[in-house]
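Report on the structure given below.
The first chain written gets the first letter, and so on, giving A, B, C and D; residue counts start at 1 in each chain.
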Amino acid sequence: MRLHVITTGGTIDVEYSLQGTMVTGPPMIGTLLQRIRTDLEVTIDSVCRKDSRDLDDDDRDLIRHRAETSDTEHVLITHGTDSMTTTAAHLQGVHGKVVVLTGAMQPARMIDSDASFNVGLAVGALQLLPAGIFIAMSGRVFPAGTTIKDCRRGLFIADDGDAP
Amino acid sequence: MRLHVITTGGTIDVEYSLQGTMVTGPPMIGTLLQRIRTDLEVTIDSVCRKDSRDLDDDDRDLIRHRAETSDTEHVLITHGTDSMTTTAAHLQGVHGKVVVLTGAMQPARMIDSDASFNVGLAVGALQLLPAGIFIAMSGRVFPAGTTIKDCRRGLFIADDGDAP
Amino acid sequence: MRLHVITTGGTIDVEYSLQGTMVTGPPMIGTLLQRIRTDLEVTIDSVCRKDSRDLDDDDRDLIRHRAETSDTEHVLITHGTDSMTTTAAHLQGVHGKVVVLTGAMQPARMIDSDASFNVGLAVGALQLLPAGIFIAMSGRVFPAGTTIKDCRRGLFIADDGDAP
Amino acid sequence: MRLHVITTGGTIDVEYSLQGTMVTGPPMIGTLLQRIRTDLEVTIDSVCRKDSRDLDDDDRDLIRHRAETSDTEHVLITHGTDSMTTTAAHLQGVHGKVVVLTGAMQPARMIDSDASFNVGLAVGALQLLPAGIFIAMSGRVFPAGTTIKDCRRGLFIADDGDAP
């Protein structure tokens, strides 16, 4: 299987600066995938490096363009959690691709990060799902439009149409 | 989703003893799952604590019994890699369950372990697969009987019927 | 040797919140010292939990009081780096104690943190130094008043009396 | 301060092989020192890569030769714990150098390793000790000949002349 990874920033890539602030650092997906031995062919494509609260429509158009024009069927997007559902909605209608968004609640550079697990979850989902847009977070795989982030508890839950 | 985890030992649970030897330690799956925030309901069931080269038919009968009598549909088995395919074969015919075996090439207690990724891969696969027996390793999900461990390269590959 | 550890917060104890912000979390010194096997007797005394830019004279009076009234000769203080030299100056004149301040440039909860090394550096220094106030950072041990933080490079250097 | 590091193998450098065995891997001291920001000048000199139970007199002669002919005053030796006291004894009489041996009870590649702490302990000791041969382990600094490894508890203790 070939895998096209689009990185956009978000908590997964956060690092701690010399000035004692958090900044979105270089993508960690390469480091995370080096931990596994695999014969998956992976291409990493860094589209932007933003806190997802700062992503705008131009960013989302670009992410969509890269997904649509990918020469692979399987697209993994690493993304901040705060607007992951917004970007997933923006990708609706991309045809012929399995697109899975994931990210992390704790930076991949932290010991107890959920990043490796989440990327594994997304990679497992990618190869079993039909074409469409999905979010893989909190140990679960959701079709776009069926999940919201429960900010208080820090997890993605099924969206029953009511506010969390 | 409810998840029944059966632990059997293997590299994923290896620790380094005071005597400078490797031993199979307490299961790490609880620690790995604590890193993610999830509302999955997880039961951990420690069946044995062995290097998988030392598992015998009695062990495999017990693992099969626990899977068959589980009160959940989804069963995750953490297992050593050397005989993972043997145990998967032994589980053939378990009905009405999705059973996914996973493990690690590097102990979960090591910084660059593949354990978190692999468990994520298995959890992603579990909720998307039909009933049956599967192996989730090396970034891929294989039906039992269709993969072998390539010991030289340290990864699971599709079994084309020839020796690796 | 008995060791009295005073924790005050700082980068060493930073954690990443559910809201995606950095907060000073519970002290990590206990976790760091559990990694070593030792028969040192350690008492941990959490005085405050602050970014060191927010420490005021009341905090420093309290830190000094705890150091002066400690029933041990050896006092280790974990502290943010930004005002470590200020607190060290404030402790001048504490009699009959070896006091070493240390901290970290990367939170102890991060994989590549300098926290364990720095605490080791401080513990090594504590048992070899005469009474006085010292800073152990950047692989070096400085008497209070002889070092400044070079904020641009993120390290403590000998203070030659000029600005860095 | 300039620092000459001699690596010899031991638990600190152990890695887990594809075959599920422990082997002494490439020295980890460079990785450990990269975690700190420092202006120490460090030279790393890999003399051998052995479990310290397998070190012989030829190895120890070579280690001694490298320490004696070092162009720095401060020599740090990373070493397995099982024969660390034997090598320390073998180095007695090296003149004009501060030599500190350290190592780890858990490989530096493990999450909860004591390696970073121990190297910090040794670096702190190195700059405060007079010329001589020392062991820095278990949170303490011992002159050679005054400590033994308590194998049951996994720590170095003061040698009171009786068996542990």
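Basically, contacts are C-beta pairs under 8 Å (C-beta built on N, C-alpha and C of every residue); 3 or more make two chains touch, one makes a residue touch a chain.
Just so it is clear, the model here is predicted, and its values are computed rather than measured.
With respect to subunit B, maximal separation of chain centres occurs for C (centres as means of Cα atoms). When the contact pairs of A-C are matched by residue number against B-D, C-D or A-B, over half are shared only with B-D. Subunit B and subunit D have CA centres that are 38 Å apart. Centres computed as Cα averages put subunit A at a distance of 25 Å from subunit B.
Multi-chain contact residues of subunit A (touching two or more other chains) are listed as 105-106, 111-112, 153-154. For subunit C in complex with subunit D, the residues that touch the partner chain are 1, 32-40, 105-106, 112-114, 116-125, 127-129, 136, 138-141, 153-155, 157.
Of all the residues in subunit A, the ones that touch subunit C in their complex are 11, 14, 16, 18-22, 51, 80-82, 105-107, 109-112, 151-154.
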